[in-house]
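Next, two complexes with subunit A in common: one pairs it with subunit B, the other with subunit C.
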Partner chain A sequence: MASAPGPEVGPPPSAPPASAPRPAVVEVREVSRWYGQVIALANVWMRVEGGIVGLLGPNGAGKSTLMKILAGLMAPSRGVALVHGRSLWHDAEARRRLGYCPEHEGVYDELTAREFVTAMAELSGFESSVARKRAAEALDSVGLADAMDRRLKGYSKGMRQRAKLAQAFVHDPDVLLLDEPLTGCDPLARTQIVARIQELAKAGKVIIVSSHVLYEVEALTREIVLIHRGRVLAEGNVYRLRELIDRHPHRVRVECTRPRALAARLAEQDHVVRLTLGEHAIEIETRQPDRLYDSLPREVLELGLELKSLSSPDNNLQAVFEYLTAYWQGTTESQT
Partner chain B sequence: MTQKAPFAQIHEQGYERYTGARSEQGSRFWIVAKNVASIAWRSRWAVKIPIVLTALTVMALAGVMFLSKGAQVPQPGSGQLVPIEVAIILGSTGWLTLLATILGTALGCSTVADDLKVGAFQFYFSRSLRANDYAIGKLLGVAAVVGVPLLVAPTLLALVRVGLCKDATELGETWAILPRAVAWGLSGTLTFTLVSIGLGAALANRRAAQAGFLVWYLVIGSIAKVVAQVTKTPEAGLFALDANWGNAGRLIFDLPKDNHMPASWQSLAALGVLAAAGYAGLLWRVRGAEVSSVGGGS
Partner chain C sequence: MLVPAAKVLARLAWLRLIRGRTLYVTGVLAVVPIVLAAIARGEPKKAAWEASLEAVLRFVIPLGAAIHVSGAVGDELEQKTFTYLWSRPIPRASVIAGRLAVMTPLIFGVAALATLVSFLVAGGTTGADDLMAGLAGAGASALGCSLFAVGGGALFPRQPMLFTMGVFLTVEQFLFAIPAAKHLSIVSHTRVIAGLEADGSKGAAAFGLALLSAGWLAIGLYRNATVELAASKE
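Then we have the complex of A and B:
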């Protein structure tokens, strides 16, 4: 994916990577965007070659701005954003290959979902009868088969989200930009939308999903771009990113019988930096998680312990996000 | 990232790329227009009632035309005798423009303003749709509705009159009423559509635009007509939309001008200027939204 900096570096590089491994489907080069005195995006570089990519960041990080620039709805103040090698800004024809699900509502309450999605398909060039058929299929695939002839003003937030998602892919685009597609959805709608997005990815679509809710993205993909205050903090596989954060020891929690015995064994290993003993569990902090995962089963077997659970509380997006944003905060503060 | 798909590869998982026909990009404005008219008809009584009233008006006036065929009546403002059908068509100006004003207020003032407010531009401009197609589509959609009282009604009345002709001689003397009615209707439809849409787009606020359009038509226009008559300054009448349209009709139907109104060509020019201003307001807003952030916040 990316020419982004590793987490150790902090701000993004000021130059592109020396060599691009493959042609990118989506490519962002040195993009900045400001609104008057406010900088929404600062020197962003990004490459997406395929699959689902999560664009993560807190509210106001610049995700929607980046999405709009990619969708051709907004021009960058500097730099260039390309989809299939073409800037979609002022290129209506090139936008045919793009599907965009905006964060904001913007739907016509008086239309039924079928009419709305049909109109969007027609705007993408489908004949009326084909558009109507495709709209019905798209709405069916997001679980709105029974409700597609109801007016949108009677829809719940989750149903509207699904209708918006249907209009984004009804015209068979190659690239889908989904801006906070799970906002306001109930668990059932969330599950349906996640399943549909995964189906679309399996069908070969390149999908960029933005969200400020980490577990939403985690349900979709492990490939992320982390954006904060308009800058790309990190990108890549979330596990790989976690490994790169060596300032923070990796935490592993083991629930077992006789945790004290296990703690005594582990304390002899040089990669273990800290042990926290509980009544029925032990939390281990290590700088070399691979070595820990190698040795743990052996120790458990040798001691004859009953292992109840093994988890890594910080091996998830939340932890990566917190470490990186905290690191970035510290870097900028020390610079000032 | 790990295991990326090669460039633009479509995996074999039951996915079939659409390879059928797609319509020309330049024809997409029809879809926008269709959408406007469709939403208008189902959503607002302010649209349905004026259209029904227009239909009733046409039926009533057609009846009058049938019963008084061949009569001549003095024209208000000049006193010249004119055929009853011309007097009926031009005499309906005030009523038809009132209906058109209601339609323009309900639909024209809100169509772009509402898109700006709710962020619907994002759906349009993330597709292969150009700003001009959007603008033309919106204009056509609103014109299709506003044109019911301003274009369809006079055209139908002219058709009724032509249909009442007994022989070819009478038809030869009368047929010109039809293209004149169409031309007059088009001038009114264009002006009322562009002014209401342009106002809504420029203000980017439906309520402000609706208030402004109504105040202009009902208050400023009425005052302008009174001032023109009382102070004998016909140019004041140029501020009245309906008076300008009626006065332009006199030029189109080859009748002398109203003594209290400016020259008919001035009224026609005023309609042109207003229409151009409305279109400029629309384009300014659409292009502005396209350049900055097309609705929906950042």
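Then we have the complex of A and C:
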């Protein structure tokens, strides 16, 4: 589990917890990483002791950079990232206990999935015959039994993701780093991948999954680390994030005929914080989106309006992260 | 772990080679010296043989190395496949070793075949000593050009083939003719070993080539060991 940084939502942790109940499997201490003038990670602390941890943040938050540092593909500009107490950037042998599934789609297109995964098992130290057997089992477990002798070039995105996942765990590592493993997958592939990840967690693997989609992470775990603009904003249970989302005024845009009439009705409801009226649309800010979604159809029917579209500009995590950043800054300023 | 990993990576390199298209390009290149030998066949002395051997040493082998070896590091970076390799318990040098283990013998084999056929086509004016010197030059060239391609390709991993091919087709085409600078030329040393330059010492040429090649290999290994994945869009 990721360590609790102290307050439920507050400044990113600037020091490790006073006492660690269990030795950390994955430990990130004061890690910063910059590319020239661009800061990708800033003073990140993280501690994972077991289970599945979701690394959640919008695009460009620094999730993949953190994953690459943990996988030993990249050195931190400052600080240390350890897996089982060893830095994978400096210690190639320590990578034997790690499986990494990158976010990108790149694979060896000319190879079949079986050849690809077998080679990866061999590179992890298995004999050729054992590697071949393990590769077949790994591919079978992600639902690619029938397609494993086809070249990767002809694979769909979902199939590629499954092949990438298979190569990550073919050597039975203790720690799995899965960078956006569900991106671009169809529902079937998504279900199979989620099921496989959960099986691996049940088998005792420590798994860090990154995503920018909340419900993807929710399908896998309740333990999350929120990362935004290179900083850890909050850590803990996903329900806390849900509470934050609820606290954050939620915007809904309704395009309809006679928006002024709808606005007049909605203005009477106590959960509505603000109404912005346009020529053919109305934007509503509410602290209780569920109540709004319940009442909207009723109001539209009663007024006899023609509803053209209903959308939520807040229907992604970006707004929540912006809100958290502002919240954190406000907290810090008020403390000083 | 270097040798076992290099063997696996050599197998991958071989599979990718035989399923790709670059091998055909090399095959077409190998025909050039044979055609030259046929055209110059009626010329006096060793003109046909020398023309074909020049083509092997100045074009077939260098371009073969640029095509097949220069991407040893850059291809993995460009296709991002190195993330699978470098997150595993293998020395990074095995990526280069695996590529060289397959491609250098391949380039030499193609060049040797072209040299042998050119020798037969040129006919009459050359002896077995010329052929042996030519094959030795081709072997030295395959190694030297491959190691240059490793270093040059790693220096410019985004355009490895363009850089190495550019050097082979421009700088190397006149460097060997400049007395003060020819020691820096791979082609110059291989021409001496192949017997195309009468006034050079083959031992000194072999030593010079070994030094140059080691230098380029060292550059390639260093870059390969230190290069990181560029900041990609997350």
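By our rule, the second predicted complex is superposed on the first by the 231 of 336 C-alpha atoms of A that agree within 3 Å, B and C clash if a C-alpha of one lies under 4 Å from a C-alpha of the other, contacts with A are read in each partner's own complex, and residues count from 1 in each chain.
The rule we apply is simple: a contact is a pair of C-beta atoms (placed from the backbone, for glycine too) under 8 Å apart; a residue touches a chain by one contact, two chains touch by 3 or more.
Please read these numbers as outputs of a predicted model, since none were measured by experiment.
**Q** Could you tell me whether subunit B and subunit C fit or clash when both sit on subunit A in the superposition?
**A** Taken together on subunit A, subunit C would clash with subunit B, as the superposition shows.
**Q** Applying the document's definition of touch, where does A:F169 land relative to subunit B and subunit C: first, second, both, or neither?
**A** Neither partner.
**Q** Of the partners subunit B and subunit C, which touch A:Y155 in the superposed model: first, second, both, neither?
**A** After superposition on chain A, A:Y155 lies in contact with neither partner.
**Q** Kindly classify A:V25 by the partners it touches after superposition: subunit B alone (first), subunit C alone (second), both, or neither?
**A** A:V25 sits against subunit B, while subunit C stays out of touch.
**Q** Mind working out whether A:Y108 is in touch with subunit B, subunit C, both or neither, as first, second, both or neither?
**A** It touches subunit B and subunit C both.
**Q** Is A:A75 touching the first partner subunit B, the second partner subunit C, both, or neither of them?
**A** both
**Q** Using the superposition on chain A described above, determine whether A:E223 touches subunit B (first), subunit C (second), both, or neither.
**A** The first partner, subunit B, only.
**Q** Which of the two partners, first being subunit B and second being subunit C, lies in contact with A:E49: first, second, both, or neither?
**A** first
**Q** With the two structures laid over each other on chain A, which partner does A:G125 touch: subunit B (first), subunit C (second), both, or neither?
**A** Both partners, subunit B and subunit C.
**Q** Scan A:G236 for contacts with subunit B and subunit C and give back first, second, both or neither.
**A** first
**Q** Of the residues on subunit A, which ones does subunit B touch that subunit C also touches?
**A** The overlap between the subunit B and subunit C interfaces on subunit A comprises residues 35, 40, 64-65, 68, 71-75, 92-96, 98, 100, 102-104, 106-108, 110-111, 115, 119-120, 122-125, 167.
**Q** Which part of subunit A faces subunit C closely enough to touch in the complex?
**A** Contacts found on subunit A: 35, 38, 40, 59-65, 68, 71-75, 88, 92-96, 98, 100, 102-104, 106-108, 110-111, 115, 119-120, 122-125, 151, 167.
**Q** Applying the document's contact rule, which stretches of subunit A touch subunit B when the two form their complex?
**A** 1-2, 22-25, 35, 40, 49-51, 53, 64-65, 68, 71-75, 84, 92-96, 98-100, 102-108, 110-111, 115, 119-120, 122-127, 130, 134, 167, 171-172, 174, 177, 202-204, 206, 223, 235-237, 240
**Q** In the complex, go through subunit C and note every residue touching subunit A.
**A** Within the complex, subunit C touches subunit A at residues 1, 4-5, 8-9, 11-12, 15-16, 19-20, 79-81, 83-91, 228-229, 231-234.
**Q** Please name which positions on subunit B make contact with subunit A in the complex.
**A** So the residues of subunit B touching subunit A come out as 1-11, 13-15, 17-18, 20-23, 25, 28, 31-32, 34-35, 38-39, 42-43, 118-130, 291-298.
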